[in-house]
């Protein structure tokens, strides 16, 4: 039986593409999709086994298109994550000098990271935002392009035959993007001991203290959070949901109890998967919150009831 | 097969006796015991089916002998509670006038409630404390007793042929004592919808915020407390345990989860029974904490794991 | 003495421009700036008295450029807010039919809101993102533009002589954008009774429960939050700060105490102003948190100390 | 000007007397009072400069008479505390052998601690409770006393010419009683760096979570508790107030803010003094809760307001 390929938020030459190549892949060549939603839709439709999309950047923050699509579409789950350092070059058509660059094109996230360098080195250059850094490179590669330079990953510049005239031009040399591999729901891989669980929490009524109550569901079970991000629910100003990464796996008793607690007090909990952490960091399991402690407490209760 | 009798903290004529008579009793006559510990020991030894002892008074607070014995001895559980209004009379031997009363005897709890009246009406009288109000009445009934009067329940005064020279002399006309019927552990009667669960909580380390953490185990499951009382653990000044009555029954999912949570983070949880409330007040079950909500959340989790 | 003009995130014809026109303005004509950072820099340099920039959209969420610039640059404060419904039209050069539209240009936030309509009505159209909806309209107005249509505000389409071929094409007819008027720090206008205070909170160590501790600083003083938004601190994945709008004014005792508490336990609190709420909603002041209650408690403490 | 003497809960020969002798005393001989209330009343009436009474025992718990009198009478404050190991002997009239002891008299607290020894060594002895261990010794010293032995402090036995037939008979060889020196309100001695503040807290409405809210007033300011004890308010079963010792001094900013917070959300806060700890233990002052941190935060707020 032939295996489905993976897909990714393309085009070829993006950081997402680079990130995908760090994973073990099916034999079939990976398929680029033009947008995050089209990548995830291809997963939902069963055209690809899984799709890789960016979810978070250490500089720009959450990737709204990913967060919102995972939250509101048909159920999908994250099965892997990839962390990739993000480094930008300024690529031009061969023959263009740095001093001649007037119009620069790139993706908004890259633009945000390179604005300081541009203001310093190319104060007169005009910056246009495009859908991806790879598309920007492709645009600049067109002989009649109105743009002189693209800010993009080295892989994209090289793919399109461009020349680098400046390297590492982002403000944050340590910038990292986090990508998630997304599949249709299926059996969840067992805990590795260093896992994350991702979910979106909608508050029942947006009353004062509601966020505090949600956080206490984690805290009272000793579950730490790695990420919390508010997103508008698109209903009205001031109505938020929260995208959360928690330490641990749905098969860890403390995580399971926290999930059930959240399910009970929230309007809605969207479970987005339990998967191994890319950094392999194991959680500090607080006293009384290990699986053994949970099992022991359940046995104790059972004995009380039966005594 | 012959049924075991009930016992109570006697002697005959105490409020505990009165309280016992409000319960459905086995055929065998109830047996008075001289102290709370001897009553509870008789339960442990299987000499009586159950023993009634005072646990709390609306004026004096917790009854230490009961709280400590339940906590530190072999396991016992509360199966019923009784609330009894407490009203005191001043009883004398027939012939003694109120104005002649010089030495008064009674139980310390009664003394505490009648001190104001004594200071006002019998400023010169000397007050001696005795083991029970009924014993005080018995003492005064002895012709050669050094005491002129006993503060006791009407039933005790009458039992011993004494005469009331003042009635309702307690400071708190609404004073109430709460009694508990205690048995050896056995099958727990099912929830009535208006139940209490009693326990003693020992903190793991007496660190700052430890009590807050215990209370959050209740709060995060929507379990309200009816009573919380600190008791020294007898180890050192500043080392306390907490005797707690919580709303609900061990078979209520929110109570069960709170108990397990407490068991996990405490040094020790002594379960002292789930039983119907004497006042029949039903708890307000907060959204998301009903048995249905718990069951639904468990089903949801199961579906996520299996999907 | 001549009064400085206001500035705004332009160009002319943007929603920001529209929002500015709802405010009382200085005599001098308002000045458009090409970006949020350049608008705010003009405020810092004293070229304009105040600048209006978008901070939040009910669909897209926070405006990163605004949140980050306010947080990391020289101190600025918000003195007013404006809420503006956001409605999009599809504008073309006169003579173009809807069916002929192949290339559409707009700002990413507008793109996000109109993707559904485009997928339905113009499935083959290619969407390009530009720096503003007004710039998109200007681009389409160029006779040799490669773009056939712009998604923009009516005011922008009309300004550039374009024709609307579809109206209200956003997914969220109730979409609202919130703008803030930003000045250099100066005397804070007194409370109106319906105020907001905006700040950014950096946690001291990103330890588990740190966000909970920050939220408790508000909760323990009865201060409700209207908005909380995580932003990466640009240091590493998983290091966040929180942009927060709280109900009340820095001159309200409960807000002042919460601010001081946050200042004490945070690595850094960036105060971004206290200003009247655009919706005029007055906070519910919980028992014991009014200015009178604070004053009374301070008097009580003073009496204890002096007694 | 002649200095007023100190008073204490007598009679001579009690542990309270012993505890008093550890303090620097006025020249005038200390005056014993027959009860805790009469000692404290003498302070209120200005007959004595201060009175020493027991407040807590590591075995028996709080001393109700002291806790209640301090809470409900005219204002008094604690200015010192004394910790005293409590060790009991069995004293008899000279000539009585241990084996002949049939009737034993002592104070209920001593009785509680020596019951185990009595049950073991004198199983047939009848135990009567009296107002103080010293009074018990005096009673036994009467030639025609019906009692054969008193359980009391060595000092009391010796004072009354009795003979010890057993020593250290309490169950808890490490038992300690804590005494407090109580005065009329006046200037509070400045902080020593190792201080305690005592208070009684009445909840506004006895709603679920009310105790949690009170505790959070301490926790949110980093103030640790040394003791918390529930006391019935004497209104009805289930209505409690809380007697609390907190680490720190009313002149410590974090304690002052917690006191004001409690005053604002409680029905009533009875302040019972700030005074040096007998054990000299200095509190761990959590980050951001020192006086310097408070002052710095107040300065910061002032700068924001004035900027």
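Read from first to last, the chains carry the letters A, B, C and D; within each, the first residue is number 1.
FYI, a residue touches a chain if its C-beta (ideal position, glycine included) is under 8 Å from a C-beta of that chain, and two chains touch if they have at least 3 such contacts.
Predicted model only: the values in this text are computed from it and were never measured.
Can you name the chains that touch subunit A as well as subunit C?
Of all the chains present, none is in contact with both subunit A and subunit C.
Calculate how many whole Å lie between the centre of subunit B and the centre of subunit D, each centre taken as the average of the chain's C-alpha atoms.
25
Rounded to a whole Å, what is the gap between the Cα centroids of subunit B and subunit C?
Result: the chain centres lie 60 Å from each other.
Please compute the C-alpha centroid of subunit A, do the same for subunit B, then give the distance between them in whole Å.
58
Residues of subunit D that touch two or more other chains: which are they?
Within subunit D, the residues that touch at least two other chains are 216, 219.
Between the chains shown, work out who touches whom and classify the graph as line, ring, star, complete or other.
Chain contacts: single closed ring, each chain with exactly two partners.
Every touching chain pair, please?
Pairs flagged as touching, ordered by label: A-B, A-C, B-D, C-D.
How about subunit B: which of its residues touch subunit A in the complex?
75, 185-188, 204, 216-217, 220-221, 250-251, 256-257, 259-261, 263-265, 271, 287-289, 293-294, 296-298, 300-301, 304-307
For the complex, give me every residue of subunit D touching subunit B.
Interface residues on subunit D, with respect to subunit B: 37, 56-62, 64-65, 83, 108, 112, 115, 128-131, 171-172, 174-176, 178, 208-209, 211-212, 215-216, 219, 224-232, 234-240.
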